[in-house]
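I am attaching a structure below and will ask some questions about it afterwards.
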Amino acid sequence: MMTTINAFLAAKGIYLLTLILLSLGAAGIIVCNNYMKKLICMNVMQVAVIFFFLCFGQKTGGTIPVALSEVVKASEYINPLPHGLMLTAIVVSLGTTGVGLSLLFRITEKYGTIEEDDLIRRENKTKTGEKE
Amino acid sequence: MTFITAIEYRPLLAVMVSLIASGLIYVLGEHIRPNAREAITLIASALKIIIVYSMIPYVLEGTEIHLELFSIVKGVSFAFNVDPAGMVFACVASTLWILTSVYSIGYMRGHGEQNQTGYYAAFAMCLSAATGICFAANLITFFIFYEVLTVATYPLVAHYRDKEGTISGRKYLAYTLISGQIFFAAIVIVYAVSGTMEFTPGGFLTEEMLPMPWALIVFFMMVGAGMVKAGVMPLHSWLPAAMVAPTPVSALLHAVAVVKAGAFCTLRVVLYVFGPTLAKSCHGADILAWMAVFTILVSSLIALKKTNLKARLAFSTVGQLSYIVLGICILTPFSTAGALYHIVAHAFMKITLFMAAGAIFVTTHKKDIREMLGLGKRMPVTMACFTLASFGIAGFPFFAGFVSKANIIFGAVAMGKPFFVATLIVSALLALAYLMPVVLIAFKKEVENPDFAARGEASLCMLVPLVITAIISIILGIAPNIGLHLFDFSIMAGNSIFTPLM
Amino acid sequence: MTIIMLIVVITVPFIAFDVLPAIGDPESPPNSHVSDYYIEHAIDECNSPNMVTAVIVDYRAFDTMFETTVMFLAGISVVLIMANKPRRRIPSPGDFKRTRNTGGTPIYQTINKDVMISTIEPLILIYAMYVLFHGEVSLGGGFQAGALIGMTYLLDVMAVKRDKPIMNLTKFMSAAIAGLGPFIYALTGIICFIGGGLYLQYNKLPFNIHEAELHSIGITAVEIGVTIGVAGTIITILNALRERISFDDDND
Amino acid sequence: MKENIPVLIILLPLCSALLCLLLTGLHKRLGRALVVLATAGSLVLSVIQLRTVITEGTIHYAVGGYEPPFGIELVIDSLNALIIVMISIIGFLTVLFAENFGDDRPVVKGSANAILALLITGLLGMTSTGDMFNLYVFLEITSLSAYCLIAMGGSKGVVSAYRYMLVGTIAATFYLLGIGILYSATGTLNMGDLSAILNKGGYDDVMLVSMSFLIAAFGIKMALFPFHGWQPSAYTHAEPGTRPLITGVMGKIPALAMFRYFYCIYGTDYIYVKYLLILLGVFSVFGMLYGSLMAMGQSDIRKILAYSSVAQIGYISLGFAIGTPVALAGSFLHMIGHAFMKGGLFFCTGAIRFKYGTVNIDDFGRIYKKMPLTCGLLVVAALSMIGIPPTAGFFSKWYLALGAAGRHEWIYIAVLVISSLLNAVYFFKVIEKVFIQQDKGLDDKWSKGELELPLTIILPVVVCFIAILGIGIFNVKLFDILMLTLEGVGL
């Protein structure tokens, strides 16, 4: 029994961790009332996916993908593709976070709050205010 | 140049003429003077009448006028086909357009109406759609024009832009759009089961394609659209509501385009899609016939109670349209010919009545029948025409209504349906009962009504079309075949449907 | 909500983990199908011992071009979003300033930051150049170099007090430079057309040298583009925060 | 040069966006002129590409000269080519149209034009790419520029953009997860290669897991019914000049990607396809009804149109749920038609707002007298939304219904009918306001010249008008082009 679990965890345990990270992020986006926290949770989610991808890059017996000699054998180096992809994903998440933060900046300036319920109340206030 | 001269392109030209006129009027609209607007309408209607009439000899010889333009949906062309049945309706529509145009010029000016640009544009669009309905060779082409007609009529119904107009416009749209969408679903089903949509005399659906419960359901899904526009009870209530529109519009609705398009739709569906055999075996025709009978009787009774002249005429229309539906559903060559001819006869008679009502309204601003005491003194010509048309509606011999009703009765007798015969006769009496009081009140001798002391007819623009239509409705009664051979066309249509079955 | 999450976390592994490969398995599809080709051919085809660099700026260079564009996009997005500073503000219940921490500014006496930073900056820039031009051989690349250059500018502007700044970029200029970087990248690809190649096919660059050298040239040109783009973006974001105009755009 | 057309179509707007700010610095109008030229160029090239694809078949373009599983590949089949033409047209018109809105500071103007061009780039790239990860990058370009354009519409726009950003990032994350799972099982990122591997069999569970993530991802991006929460406020508050592109095209391209995954990559042979179809069918049916019902209650025309988009996206996914080639063609026809209808309606809204500064339909009384062209488009587009022939909307509905009848899904036909009627309710409400209601006597903000509006607004309006009728009447031509690809795809 324990060996099965051990084997499972050794082979797939990291997916469990990324899944927990992902769920935490998703739950945070849904549950948190504060927009800043939502943004952080969003980042947590993105990081989880980046971890998830990097899992595929691991290869037993492989080293970093920089060729050390003229003759290259595929089994000696880990998979470079996920790293390349995740570099892109990181940059994209950076951009998204930047835009998100500047949006938050504007929201704070206009409404003076980043709590969602407060914000909704104030939005409605401006709506009725405009009609008058 | 072949485009103009070739006979195949005539139906397309007939449709395009008024479509272009409509577009011109809408775009130029406020930038041109009223005269130019009316001139466009008149020129277009004259062109249209020439184009439509020019096709008569060919159809009479039995030449196929068939035009396939391009695929409108995969597998089906946008096609026109001129057959006798369509020709009857097209002749009526194009003839009455020019008369109505002249009349509406008089009415609109006499009444100082607003929004005339929209009015003339929508009117031309309606006629375009009606012509398209006449000549459509398959269900999808037919449906396109049918929906265009629905939409183009809406601004006319809501012409006055007031609360009442808005409400009746909504009512009109609700009825026609719902039925139109159901019609659409039915077309899809028909195409899915049969793989064709060409109108064929005698129908193209068979019992194998549509087994029994489906046949009846699809039958009523399709006929429903026709029933709504033709005002068969219980789907008629938009028609009296649409009376708020100006009188030329009512004339168009009730006599020329819209309700006749509904009746024509019923004709196409029952006889050209389902065919007499399937329509009979799925009991759809029987049920529809009984609904028509019910409508004829009930609407006449309701008409008796109405005191507003236009409302009374509206319910009369509801009843008269059901004659056509009944004639179609009896499923004999005679009754079909009668039904088709009733499109003609009723169009001329009813338009006379409406034009007269409009003329009365413009000149004296009277809508209620009870206020028309002694009107004959002031407007003798108008009221004389009204009287003639009333006789026609009631089906007196030597009036147009007689020919069609007699044919429907022949059919009913041939099929052994005495109740239908009785209905037709009773309704003729009822028609007398609701139209004669108007005439009698107007010509009552001993009363002197101060409102009508001086003699004063409506303007010539209104009077001339009125007189013409009244005269035509008499001529058509005496010699049904004169000029346009409309009766021949009706007979040809009836025979073409039923001959293959004999 | 939490319960649903827990259920998901507990149940999904049983369904999903079957389909995922075991960690570090050399035979698993992601480790065998395409990646072997990249590992074995990176040196021959791209003349780049760093396989990750070979993947991102040669095999999948098209991705990276748009990745750089994302940087530029993020930069000008921040410019646009921060361009307007709303005038009227919906009143907030409490006064913000009162709740702010006013513990006093920390004073560091040990290091003179003006001198230190001025000394370090050239070193950082040299390091950035090393990272940039050495990216294809060892670890490094355009993004890192760009970040270093951008950070140097930030450091200079934010930390060092100067009467006259060495280099003063406006928001507009920096944004234009940020756009120029990806454009150099795109241009490198377009130049390949002249040699009759496809887009970003470096061995068809119209220079008369060996193919492997052409790949090196292409990769370097692209990395320079990335560097300029990233540095420009970082400076743009800083400038966007600095140069705001009070302008109310609430028109509805 | 001819073989480089697929990539040039993407590159032209991209380069114009990158250089836009620089040129705006040289002269105020130069940057914008470049963007206009570039989008026009990409429009011309896309038409040439469509002709090539029709005559010579699918184009495979290997970027960098590396063969498909190793490098990135652009795949242009007739379907893609057609959608690319659609994006280019609407993009070009929107670039023209956007000139009239927004403020005039060079940095803002230049950046706004750049972002608009980047949005077009992203959409074009998403359509033409044949690589899963490349699609993600383009998806992010599209989303980021959309966030920004939505945020430019005032303070409410900022809040809606922020909400959209949260949801959109979740979608992108889910998409990455989905392709991560696919990658882990097959080791490839190329769509064609992936399809070949998956169809060897034995990958049913992989497909199920990734499918659930992909439905969520694309569902959010295209605002399919249960995932549509971000959409109405985002569409409402987006920058007025760019709204036609955002509303008309942005929701469609994820739908195209969804089609790519579910029909071109997964195929229809695996065991869970039945559930996929039912799920999509339920989503779209409820979406069609919900969107229409919500739209009926609004009085802001932008909100009406936004909610109606939820319903119209339902039409598109309904075609996917039916799954026969005819229905799929119907849904793509609707995609193209709806881009012009919704784009056109937003051109009208923008024009009315430009001239009178109002978006409330209660103020629209009889504006048709002063803006006949705009109102003509408004009516035609509204009729097309309802599905009145001979406009584009009718024919897409026809093919959808025909496909549904072919699979005996009568309930879908019923829903199509009901949804059109619900559409009719709120669109005739708008038409009634425009044509019948009393004139509110709004003051005209633009009354120079003979024309009712500046030429840059009239041109989009006229083009959309012609396109809606043209797509309707000549739908068989489009249908044939679509069928080149769709033949053999689907059930």
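To keep things simple, chains are lettered A, B, C and D as they appear, and every chain counts its residues starting from 1.
Keep in mind that, in the parts below, a residue touches a chain if its C-beta (ideal position, glycine included) is under 8 Å from a C-beta of that chain, and two chains touch if they have at least 3 such contacts.
These figures come from a predicted structure and were not determined experimentally.
Novice: Using only the chains other than chain D, in their current positions, what clusters of touching chains do you get?
Specialist: So the groups, chain D excluded, read A, C | B.
Novice: In terms of Cα-based centroids, which chain occupies the most central position?
Specialist: If we average C-alpha coordinates per chain, D lands closest to the whole-structure average.
Novice: Averaging only over C-alpha atoms, locate the centres of chain B and chain C and give their separation in whole Å.
Specialist: The computed centroid separation for chain B versus chain C comes out at 73 Å.
Novice: At what distance in angstrom does the C-alpha mean of chain D lie from that of chain B?
Specialist: Roughly 43 Å separates the two chain centres.
Novice: What is the distance, in whole Å, between the centres of chain C and chain D, each centre taken as the mean of its C-alpha atoms?
Specialist: Computed value for the inter-centroid distance: 30 Å.
Novice: Touching at least two other chains at once: which residues of chain A meet that condition?
Specialist: 26, 56, 81, 85, 88, 92, 95-96, 99, 103, 106, 110-111, 126 - these are the residues of chain A that touch more than one other chain.
Novice: Quick check on chain B: which residues sit in contact with 2+ other chains?
Specialist: Where chain B is concerned, no single residue meets two or more other chains.
Novice: By residue number and range, which residues of chain D touch two or more other chains?
Specialist: Touching at least two other chains: 133, 137, 140, 144, 147-148, 151, 155-156, 158, 183-184, 189.
Novice: Considering only which chains touch which, label the overall pattern as line, ring, star, complete or other.
Specialist: It is other, because the touches fit no line, ring, star or complete pattern.
Novice: Considering every pair of chains, which are in touch?
Specialist: Applying the touch rule to all chain pairs gives A-C, A-D, B-D, C-D.
Novice: Which of the residues in chain A come into contact with chain D in the complex?
Specialist: Its residues touching chain D are 22, 26, 29, 35, 38-39, 42, 45-46, 49, 52-53, 56, 81, 85, 88-89, 92-93, 95-96, 99-100, 103-104, 106-107, 110-111, 119, 123, 126.
Novice: Could you list, by residue number, the parts of chain D that touch chain B in their complex?
Specialist: 326, 369, 372, 376, 383, 386-390, 394-395, 397-399, 401-402, 404-406, 413-414, 416-417, 420-421, 424, 428, 432, 435-438, 473-476, 479-480
Novice: If we count contacts the way the header does, which residues on chain D are in touch with chain A in the complex?
Specialist: 133, 136-137, 140, 143-144, 147-148, 151, 155-156, 158-159, 161-162, 165-166, 169-170, 172-173, 176-177, 180, 183-184, 189
Novice: For the complex, give me every residue of chain B touching chain D.
Specialist: Touch residues, chain B against chain D: 26-27, 29-30, 70-74, 78, 118, 140, 143-144, 147-148, 150-151, 155, 158, 161, 165-166, 169-170, 173, 177-178, 181-182, 184-185, 188-189, 191-192.
Novice: So in the complex, the part of chain C that touches chain D is made up of which residues?
Specialist: Listed in rising order, the residues are 15-16, 18-21, 28-35, 37-38, 58-63, 66-67, 69-70, 72-74, 76-77, 79-81, 83, 86, 171-173, 175-176, 179-180, 182-183, 186, 189-190, 193, 197-204, 245, 247, 249-252.
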